[in-house]
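You will see subunit A twice below: alongside subunit B first, and alongside subunit C after that.
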Partner chain A sequence: MNKPKLILFGELTDKKVNVMSSFFAIFAGLLFGLIIMIITNANESFQAFFTILFGPIGGLKSIGKVLFYSTPIILTGLSVGFAFKTGLFNIGASGQLIVGAFVAVYIGVRWTFLGPSQWIVATLCAGLAGAFWASIPGILKAYRNVNEVVATIMMNYIGIYLVTYLVKLTIYQSGRNESQRVNIDAVIPSFGLENIFGPRSVNGGFFLAIIAVIIIYIILEKTTFGYELKAVGFNRDASKYAGINEKRSIILSMIISGFLAGLAGAVIYLVGTGKAIEVKDILPAEGFDGIPVALIGLSNPIGVFFAGIFMGYIREGGFLMQRFGFKTEIIDIIIASIIYFSALVIIFKEFILKAYKNKLDKKISRGDNNG
Partner chain B sequence: MDSIYFIVQQMLIFSIPLLLVALGGMFSERSGVINIALEGIMLFGAFIGALIIRLIQNNVSPALLSSVGFGQLVLIIGLLTAGITGLLFSLLHAYASINMKANQVISGTALNLFAPAIAIFAARSMAITGDTQKVPFTNQFLIRKVPLLGDIPFIGDLFFKQLYISTYIGFIILILGYIFLYKTKTGLRLRACGEHPQAADSAGVNVFKIRYLGVALSGFLGGIGGLVFIITTSTEFNASVSGYGFLALAVLIFGQWKPIRILNAALFFGLMKTIASGYSGIPIIKELPIPSEVYKMVPFLATLILLSFTSIKSQAPRAIGEIYDTGKR
Partner chain C sequence: MEYVIEMLNITKEFPGIKANDNVTLQVNKGEIHALLGENGAGKSTLMSILFGLYQPDKGVIKVNGNEVQIKNPNDANDLGIGMVHQHFKLVHNFTVAENIILGREETEKGLLKLNEAVEKIKNLSEKYQLRIDPNAYISDISVGMQQRVEILKMLFRDSDILIFDEPTAVLTPQEIEELMKIMKELVNEGKSIILITHKLNEIKKVADRCSVLRKGKYIGTVDVKDVSMEQMAEMMVGRKINFTVDKEKANPGKVIFSVKNLNLLSPDLNRFLLKDISFDVKKGEILCVAGIEGNGQSELVKAITGLIPHKSGKFYLNDQDITDKNIRNKTLAGIGHIPEDRHKYGLVLDYNLAENLIIQTYFSDELQSKGFLKFRSIYKHAKDLINRFDIRSGKGPYTKARSMSGGNQQKAIIAREIDREPDLLIAVQPTRGLDVGAIEYIHKELIKHRDSGKAVLLVSLELDEVMNLSDRIIVMYEGEIVADLDPDKTNENELGLYMAGSKRTTVRVKRGEIDE
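Our next item is the complex of A and B:
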């Protein structure tokens, strides 16, 4: 018997329904943002909204900024998404990021003896620091059954206070109440991107993010190791029964997830624009942005990549939209509502399935059920 | 002696919002709905509450602004507004996680993202203080001394001086919450829904309604707690509750989802916060070579350590985070 098909979408798989739901959520979120804008200022709302949607493709400078914003959140999105795929909710990307950032900046300031390889060492060590930070909730989850959501939230706060303390102790610039600037050799090179997009824009970190996307994709989809991690995420007990070392899998998942978040820390702070770690006890927003990126991207590495670009894109759109007198927080409202709508995914699924069923019914009534 | 009074007074100021919010979280989680949206609920309640307080204060004569008695009235109106705001806001979470069977952590995360975005957007669009998101108000709420009771030696200094009416409200809600949870039929049903919703349902309990009640209570108390935090630690709302919602979550877990233990946990966390911030006011601690960051870290570290000992035989509500599916009986 032939499987039923829908003309427009081809065969209806779970995966396709999920992707469609994600687009629905984005659409609904944008619509919600538009409604808020109409309420606050109806006259210019459509122009401003148009700018959000199409402003960033207006010039190379804007595109460069989109990619610049996207780079760290692709990495944190990958971090959260990877953990999701393996059944773990890593809310701790922020903490892992800031711990990684501290190590990156510390090496970037102090280890000048490394010469031109300073940025490489700083970046890798940032990843390792993030991995270490994430391994603690991983170990607690594996051996002590501690809920990773709560443990990673706790680790976030421990991390931010620890970093504040360590910055003050080691690489403090007291006049500015922040860390010292990194050495020029520690800045991630732009690999020619500077010539295209101009200075203070996207840099080599973007290539790092692309490499990370590819590696994570390969791990998850093409290796036994990745399959085992996912299996543990699906059903811990069944995986154990199947001979997978489920404790090891949980810890390794967290380590990889934390490594990615730590890399994001390096990417944010190893730049030539004079960015420094501020002593403010505030968790970096890029870590939390990883959650929506992972959700919109359905935790799939390639989905996460595009979701990260999308987030960077509408942020830049929001920046450009300011000239119409709207506040940039409209973008945060849109992102939050996208997440909320994606939590309501069941509505979209039912909607899609209903539309699909209607089509199918029509076909059957026409006696055409083999196409 | 003065530093002991100072510590207790400060500790109460820091503990009460934690107590209120954690109790709110307790109702939600014991009915079976995870609520990591507490941070967002606090923030949103505090925002609308602060707006109302500012609105009232801007429209009364300056003489009333210096009256502590009138201040209490304003505060209570503000708290009720904050509570109702929090309740309405939390219904978004209830709808997603109860009706729509959404992942409760994702829905909570969405609310946590929503609240600051809307608060900052609204505050800046209304241009309350130029282009910033701040909502300042006059702090006329501090009770320097409760008449008569404040004159009692020692106890008067500890519990009836330099405090806010919210301290008493916090303790009243604790007692009411305890009675509700353990001594009423609805309280029993609420606990049943968090332990075994299918069994509760077959005994004729409307699981959906009870869970809505649990989440709504958490919204109400979360909103109140948010405003209490802002009122007692600041003179303006600045689109943040400094992670207190997450700290309240830690209090809830440290308190093992039980009211009296939650009180103890809130007091412990409040003490740590007092030491971390009031540092130089406490002579003995000032001399210790421990940086304030360590005290800030301790509540989170303590929660993590406690969790690693209790999680194997967890006392968390058994059906927490579980979608209630009537077909799954």
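Our next item is the complex of A and C:
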């Protein structure tokens, strides 16, 4: 018997329902933001909201900014999402990011002897530093069954204080209370993007993020290595039974996750805009932003990519909206409520399933079902 | 007469499969009503609908003659319906009492009132002789006890319609006896029971009527006293089933696997879980380890396969010392393992069937090249096994293991292990949860495995399986081997005596003689 199908959705799979639920969460979050805006300033709220939604596609410059904001959070989202797919909750992307950032900036300031390859070395070493930082909770989890949530949070604090200390000790610019500027060779080149989007905008880091997305996707979906990592994430006992070295898998998962967060550190600081590590003891927001990006992107590398772009997009939208007198915090509210709504995903799911079924029933009763 | 439960024309569809297709079930008050059907016939689904876990696509449910909507398990509870699930739903790091009150916690000024609950649990436990300690942690108690906790949970909630989904699959014969007694007592009090089981003798023993499902469809309902087990089996699978196992006399060859002086201490180092175990398994032989649950059989298997470490003792496979090999290398050396706990060890429930079928072989050259999985071969491999072993599910190789019926999950594991053609196949309770047709098939496969010159180490709690299948029997009692028997020269009674520890043929080992 041919099953009647809706043209739009085809057969309803779990995957599709999940994706739709994510979109519902985004929609609901935006709506909630709009309500807050109406409450605070009804007159201009619609105009401002319109700007959030459509402002960023107003010009190449804004688009460039969107991609610029997106780049690091795609990487941290990928970091969190990858860990999650392999059964680990890496809350430590912030710490791994800042440790990576320090190594990147240190090399960017000091190792001028490297010449034009300075940015490559700085970027790679940033990744390795993040990997190292993440490997510690990984080892603790694998051998001592220490909960990785607790361990990575601890490593965040150790990381930020250590980095402030090391910046002061090595590459300090006391007048500005921040690190020194990186050498021009250490700035990640724009690979022509500058010509399209203008200076101080998206750079080669974006390509790096795309490459990372592709590689992580391939690892997870196509390789025996990814098969092992996911198996351990889903069921550690069964993996052990099957002869998979679960301890090694856990550690490697954390290392890869940390590498991605470390890369994000390089991407943020190896830019020509004079960005420097401030001596402030505050964990970088890009690290934590990885969590909502991973959530909205359903931990799927491709999903994370678009979720990252979306987050960059409404950040830029929020920036443009300021001219109507709204604070950019509105954007934080929207993002936060999207996360709450995605936690309510189950309800959305049922809603979608019901709507689908109703439509199907109607279709059947209309007699389309002659299979 | 009015029925307590009527499920009329229930239809429930999952992606790719109609789990229930216009099914009707009518249960009398005060009866034990058995629900019989092959693996994947839709029994658990039907009961999950009655318990509010799934919503039917079509159909009507009546409780005591009134049409009801059961939207969730709370609705079911309110209607007096309780359920013991095929795979228990207990929180392992909670105590028995905490688990039982979960979902209907009584509070006073916002604080949990646990004491009253504990009292009530104690009383109930005494009344029905369940021997449950309300303050024990679930993780510390045996499977049989966990099941009694589930039963107590229903009694605590004053349910009078009780659903048991394959309650006996995980129990020892003694525990099954007790459970049957408890069930009889409950119906005598006026409660009604729906019992799902694959064991026809249990139906014969306790059930009043029996409804049969086949491939999601309702076949009929019979009075149990009017039909024989053979007739029930035929109703269920649609063909005659052979209950006795046909096999040739074993033709054992040389020793293929041996255990030498294996000792294992309990984690608290207080007592021996395994005491000086030594035995050989020969080519072309099915050696059965018999015993009451908890006498060291699980530990023996876990030690051999490497799931738990042990200090003293050696294992030899094909004259090669494999004691210190890791699990992967033991697998490669030729050990297959059908584990006791299919959800913990046997399957990655979130992987699909095809992915589960390659869990020990994904790195072989047939299934990958240069680290990349060869999906075409993986799915072809899965389809082969699905056909060969008749694994039924909604979407074939693409079905998530989680959504498969319990028996079909078990078939998948067996298929995977037999297909690897291990020299030594360790099968722990291989037919647990399988329907009679599938059991017949699996027994044939195990014998075929034996006849191809390999060895089978079978751990089973079922006496008929032990007697029917084995070529040699060793009996374990309190971590020791107490007898080594020829099944042709013994009987179930004698076996029972050895298992209970009141008889032994081997010499007792004294504590001092063991060097750990």
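The rule is short, and it goes like this: the second predicted complex is superposed on the first by the 351 of 371 C-alpha atoms of A that agree within 3 Å, B and C clash if a C-alpha of one lies under 4 Å from a C-alpha of the other, contacts with A are read in each partner's own complex, and residues count from 1 in each chain.
Note that in this section a contact is a pair of C-beta atoms (placed from the backbone, for glycine too) under 8 Å apart; a residue touches a chain by one contact, two chains touch by 3 or more.
The shown structure was predicted, so the numbers you read here are calculated from the model rather than taken from an experiment.
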Both complexes share subunit A, so when I overlay them there, do subunit B and subunit C fit or clash?
clash
Is A:D332 touching the first partner subunit B, the second partner subunit C, both, or neither of them?
first
First (subunit B), second (subunit C), both or neither: which does A:G243 touch?
second
Who does A:Y227 touch here: subunit B (first), subunit C (second), both, or neither?
second
Spot which of subunit B and subunit C makes contact with more residues of subunit A, would you?
B
Once the shared chain is lined up, is A:N235 touching subunit B (first), subunit C (second), both, or neither of them?
second
Contacts for A:R144 in the overlay, against subunit B (first) and subunit C (second): which applies, first, second, both or neither?
first
Given the superposition on chain A, at which of 41-49, 59-67, 77-85 or 95-103 does subunit C overlap subunit B?
95-103
In the complex of these two chains, what residues of subunit B are touching subunit A?
36, 92, 96, 100-103, 105-107, 109-111, 113-114, 116-118, 120-121, 124-125, 243, 246-247, 249-250, 253, 291, 293-294, 296-297, 300-301, 303-304, 307-309, 311-312, 314, 316
So, in the complex, the side of subunit A touching subunit B is made of residues 36, 40, 89, 91, 140, 144-147, 149-151, 153-158, 161-162, 164-165, 168, 281, 283, 288, 291-292, 295, 327, 329-330, 332-333, 335-337, 339-340, 342-347
Per the contact definition, I'd like the list of subunit A residues that touch subunit C in the complex.
11-13, 222-225, 227-228, 230-231, 234-235, 237-245, 357
Would you mind writing out the residues of subunit C in touch with subunit A in their complex?
15, 57, 305, 307, 326-331, 337, 339, 344-351, 355, 359-360, 362-363, 368, 371-373
